[in-house]
Amino acid sequence: MSEGLEVKGVDLQRSGKAVLHGVDVTLARGRITALLGANGAGKSSLVLGIAGALPIAAGQILVDGRPISGLRPEAIRALGVAAVPEGHQVLGDLSVEDNLKVAGSHLPRAEVKPAIEVALDTFPELRARLSSRSGTMSGGQQQMLALAQAIISRPRYLLADELSFGLAPVVVGRLVPVLQKLAQQGVGVLLIEQFTHIALKIADIAYVMERGRICFHGEPGELVRNPDILHSAYLA
Amino acid sequence: MRWKTALCTLAAMSFAAIMSGGQAQAAENAKCGLSNGKAAAGDPIIIGGIVSVTGPDNFSSSGLAAAAYFKCLNANGGINGRPVKYLMQDDAWNPEQSSQLAAKLIRDQGAVALVGNMSFVDCGANQGIYEKEDIMVIAGVGVPRDCFFQKNYAPTNAGPRVSNTKAIMDLAATYPGKIKRIVCIAPNIPNVGEWSCTGAVSWIKKQGGDGKIITFDPGSLDATSLVLEAMAFKPDAVSVGTPKGMAVPIFAAAEEQGLADKLHWTGPASLYNLDFPRAIGKYWDGKVTVDMELKAADANTPDMNNWLAVMDQYGQKSDPRDTFSQAGYLAARVTAETLLKMDPAKIDRKSVTAALRSVKRFESDILCAPWYVGDGPRHNANHTGPVAQVKDGKLLPKGQCIDAQDPELDDVRAYEKTIGISN
Amino acid sequence: MIEIDSLTVLFGGVRGLNALTATLPEPVTGLVGPNGAGKTTLINVLSGFVRPASGSVRIDGENLDGIVLHKRAAFGIRRTFQNEQVVENLTAAGNVAAVLDNVPTGGRPRQQLIEAALGFVGVASKANVMGANLNAYERRLVEIARATVGRPRLVMMDEPGAGLSQEESEHLRSVIKSIHNYCGAQVLLVDHDVDLISATCVATLVLDFGSQIAYGPTAAVLADPKVRAAYLGIVEEGA
Amino acid sequence: MPDFTPFFVSGLATAATYVLSAVGIVVLYRASGVVNFSQGALGALAAFVSWSIVENGGPAPLAWCAGILVSTVLAFLYGRVLAPRLAFSDPVMRAVATLSVALILLGFMGYVWGELPRRLRLPTDTISFELIGVRITATRAVAFALAVLATVAVMVFLARSRLGLQMRALANNRDLSALLGVRVLRADGYAWIISGSLAGVSGILLADLQRLSGQTLTFAVIPAISAAVIGRFSSLPATVAGGVAIGVCEALLTPVPVVGPFRTAVPFIFAVAALLWMQRRFTFVYR
Amino acid sequence: MFTGERDVTDQTLAYSPLVDAKRVRLKRVAAVVVALAIVVVLPEILSNYWLRTFISVTALAIGSLSVSLLFAQLGMVSLAQYGLLGVGGWFALRISHGLGVPFELALLTGGVVAAAFGLVVGLPALRMRGLYLAIITLMMAGAIQVLISAFGFPDGGAGILGKSTGARIMMARPQLAATDEAYFRYAMVVLALCYGVVFLHMRGRPGRAWAMIRRSEVCALAGGVHIVAYKVWAFTLSGFLAGIAGGLLAGGVGQLDGSAFPASQSIMLFALTIVGGAYSWMGPIIAGLMLRAFPALLNDLGVDGNIATIVFGAGLLHALITAPQGIAGQLQEAAVALRKRFFGSSGAIR
């Protein structure tokens, strides 16, 4: 079937409570799709659901036409869906280099090194810290590492959850172009962002989520022109 | 696939292990009771037995021998026509279970006597019910002190204390003037450990020597430390007074230190097991003596051969032919012969207890001295026996019977005088 | 009245609160700011779960340093949690009773106090229902009942408004507004829901990166472009 | 004052077998989050299988390999078939489940082989040398060398190999590792294989150094777990140090008059002290 | 103004009826009747073997109750409870032999001393929970085992640590309950009393505090619960129950064996408490049955002890995998299903 990552009518429960109700989202390759909404609206649950870390209760998720529901997270990663979870999570006990190598787990052995080189070219800051424990780095560096890990896995789709969470604006400014570049290379990017202006500036398509449902989907420009939609979603 | 292969391998090995248990010996026809060759078909007489099969050590050969004997008896006219229904139960070294089984055998099944018992926990756990129900236990093997201090419990074996004493006495007799300091090693099981060694130590002290008792936690794995601890006393002889399984690592540790030639090694009857010489290996050939409680299996005397014949014809191949098996055989024999003298219609617990208490002289060529029950407050009739030596993978008897010179036996000897057994 | 004096909290080198100084006298005070601004950290300091690196807090003139952790509830510091903490294997009444066990009753019968607290939040009919069988909103209300029973001085609520329906949200507002009149406690409310804040809070404190960026009457504070920028992430033209 | 040197030397070999077992336990726990109480029972099974083959005239090296293979395969099967079904249970339940495996093995060994006086003999038993007044058989030296070798090999494996890296990643954060593409079940399987084979080696050595008994070898897991606790179930060097300390202290206390009888409590005291030291900082438990 | 508020919410929130008071009373009466019937009838119909087995079952049910108290109320795992049982039994025997006091006093002494040990075992629980707590308590159980076997179980010698030189002396049973039948009834009454103590705690202030702690420690602290005190008290009470169980066991057999309290038994006690169903009142009784009656049944059927161990291990594994709520949970589900079938879909009896 068609290219793209499609989420169709997905319901999802977390510890017995329904957090997603019939969510439909489509990621196109080469585009940046923004997902906005207040805290607790279910954005992170959606990311974890796509990545296979949370089982979905109903609906379907298709990657380039192939259903992935029920696959283990590592299998979904191998299909080209890389999730960068919220809160710059890295393997804190491991060195930066090891973190990068782990991200290449599903690549053929020979391809890991070149992939790491590509990621390091994107974030030269990490090169100097290859041997340091990633848990000791600043949040911004950890977020770069998390993004680098995603790049190494050569994703077709990248799910970036709250990239700017708790980071200084300078760092955010450093990360955003990377996403744009990835999109130019053909990666379908899902961007969840609390700094709505950043998201709206770079996104091609925008979704707004409220209490586990998609309440808006369309051009980002529409949201900029019509901030009430956003305000009602955030401030309701 | 790998799983299947593993299963097959395991199954094959299990089979091999079971089959390699014992070796058959040709023997003449077993004689039991009336020896009339007629199967007994009357109202069965219930006799129970409590042994420890599962647990830290398989402690059941006495019960197995009793079972074989009763089977033989039932094939040979039983008790004047009445068969014996022998119920052997496994207490798994657990006093609770032992007490449940005693209640079951005595109260539920109505056993008239218990025969061939062999357990570390039975004597202690069931003393109350034995006295209360006034049932006589003709045990095969008593180990803890409790087994030798009960009115209703009469073991045919000598017990570890007597056995340890004899083992040391034998060494002292073999090497006159050389055995001055001894160490006795025992597990710290209550009523077994220290008590089992005290006889030997008090005997050597009486001879002007010195002795040390080392008790150890059976759960401990470090046998070398134990051996080194014994060596720190600079002994001339060591008695390894443990169940057979625990003795193996101790001898292994001693072998490692090359101690067989530096001092003399011995052990009580608990080591008298045909597997034992093989388990400790060639190194110990001719360097260990083991007390026997009863005479050697290959003595080629009539009753001894009969025991072997009973085991071959009515027991399992895997049943051990060890000193405990002999004890169980004797216990069954003395019981059967006592019952045979009674009116078959009037066999109940009370009459059986009385009849067994009146056994004042029971003789067998397996025993060194006549055995008795009697109505004394405690029973330790067997305190005379031979000693064997480990040789060519076998246990060969050394010769004379030795009578244990343990002051604890003074009351027993005094009682024996009153019934005319000892002089 | 809450008096916060140069309060600093460190999490392994990262500043959760950065020399925060504020005086909060109003009966219902809102506490807003973007994620990671230090709102929950402030509540945790007041509860005693987080030890400040420096600085102090006084409530009704009493320095909190002198009150050991398990005595703070009895002193009157109460809270609800971001992730609800209703005990599943106690009834709603049992949940309230569990707190009432440890706080002053003022001599009134316990049963009456429990009923009053559940009645106040509006779940009197659920008194004998197990916590596990309450729905999400009822649980939230039971948590508020727990926080308002037995003479509280300060009731802190961490995002009570997240994920509520329209009716539930309206009911919650009325409950929050009436807490001060009901039991005399001051309310400190953390929420992302700006409507809830503006509907209930007399004054609002805005935090960003652990520091105060604005304090004042709610309407005025929320209209502040600085606040809008920090909180909504919307950079207004010319700002 | 007693002479402690011989006790020290003798304790080292026992310590070595603790270390072998403990390293297996730690590797498994790090990768899969399971504390394996059946480590000792698996070793006992390996020893029994080896013994049976030798008794029936099989060549000794084949016997050892078969024994180790059996324990490895069983561990792997448990890890692949049964352990995943408990993946969402509490870690305590997962540990208790391995205890039931130990029970099954214990019953099986009791049924097939029984408790008889046995010892597994290795050719190294006949070679011995003297070290500070204590004779040491080559088996002890081999045990010690194997312990060192296994520890080093496992450490190198974890540090250098791809699979080892994945295991370290799992130990660090299981969920995130899965998101990063680590094949969790595969890494788990290998961890079970490593731990099963180490169990086999240590079981065979213990059956030679001590005795071949299902019960004794099964419960030899306790000092190994104590050593693993000292290593916080994560640090291999600390685990080795713990195992050595436990083995040596137990031996050293032997000749001390009053405390001697209590020396088997050494593993427990070490483990309790280590746990208390590790947890000395007060933390709140959120849920 | 608040009455108005309440009216609004009572309409918006679904109405749920209070628990039917009459039904509860009826249930309670029924339970008491059934319990009395069991106490009166069961000892009469059991054979002597099963009588003694059930004495052990009763004692072990109390032991399991002590585990489930910690696990279900506080979410704490203690793998030391069987060791505490040994401590209770040791002291009960010691006091009974050494001072010749009445059985009840010996039993209580055993309980109190085990409670003190339980307190010590529980101290690490102030800092840790989960696996580490489980292992540290297991290690303590191991240490207790070493202590017990190094001191040796009391056997009736003179003085407090006396070793007997002659026959072993049995622990005197209560005068009222010298026979096995009477002692079984006595044990069941003790079990009922222990249940009573636990229920009183659960219903009262400690139960609420424990529930808060189990929910989470921050929740408990926010509610002003003195966490340290209530945790320590739970471990102490649980130790007391284990001690009582040990004393009861000692009275049943008349003596105990030092080797009968290994750490592995503590794990079994915990495992079977979970398998029985720690969250249900039936759980400990089921655990007691599984621990003692099930092996006794296999033994009675002549099953080889080793096979019994295999069956036991396989059963435990199976239960851990398939019954997270334990057998009690499964029974309750089955009961609900049955009710639905016979009394319609409401599943309630009116």
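Here the chain labels run A, B, C, D and E in written order, and each chain numbers its own residues starting at 1.
The rule we apply is simple: a contact is a pair of C-beta atoms (placed from the backbone, for glycine too) under 8 Å apart; a residue touches a chain by one contact, two chains touch by 3 or more.
None of the values given here were measured: they were computed from a predicted structure.
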When you check each chain against chain B and chain D, which touch both of them? E
Starting at chain A, fewest touch steps before arriving at chain B: 2
Could you let me know which interface, A-D or D-E, is made of more C-beta pairs in contact? D-E
Using Cα averages as centroids, what's the distance between chain B and chain C in whole Å? 77
Please work out the Cα centroid separation of chain A and chain E, and write it as a whole number of Å. 50
Note: chain C sits from chain A at a C-alpha centroid distance in Å of 32
Distance-wise, how many Å sit between the C-alpha centres of chain B and chain E, to the nearest whole number? 40
Per-residue overlap in chain D, given as positions that touch at least 2 other chains: 110, 219, 261, 264, 284
Expected list for chain C, residues touching two or more other chains, is 49
Which part of chain D faces chain A closely enough to touch in the complex? 162, 165-166, 168-169, 171-173, 175-185
Can you list the residues on chain A that touch chain D in the complex? 51-53, 72-74, 77-78, 83, 85, 89-94, 98, 101-106, 109, 149, 153
Looking at the complex, which residues from chain D come into contact with chain E? 35, 37, 82, 85-86, 89-93, 95-97, 99-108, 110-111, 219, 222, 225-226, 229, 261-262, 264-265, 267-269, 271-272, 275-276, 278-280, 282, 284-287
Could you please specify the touching residues of chain E with respect to chain D in the complex? 77, 124, 127-132, 134-136, 139-140, 142-143, 146-147, 150, 215-218, 221, 262-264, 267-268, 270-271, 274, 304-314, 316-317, 320-321, 324
Contact footprint of chain B on chain D as seen in their complex: 2-3, 6-7, 10-11, 13-14, 49, 52-53, 55-56, 66, 69-70, 73-74, 77, 110, 112-119, 121, 125, 128, 134-137, 140, 206, 209-211, 213, 215-216, 219-220, 223, 247, 250-251, 254-255, 260-261, 263-264
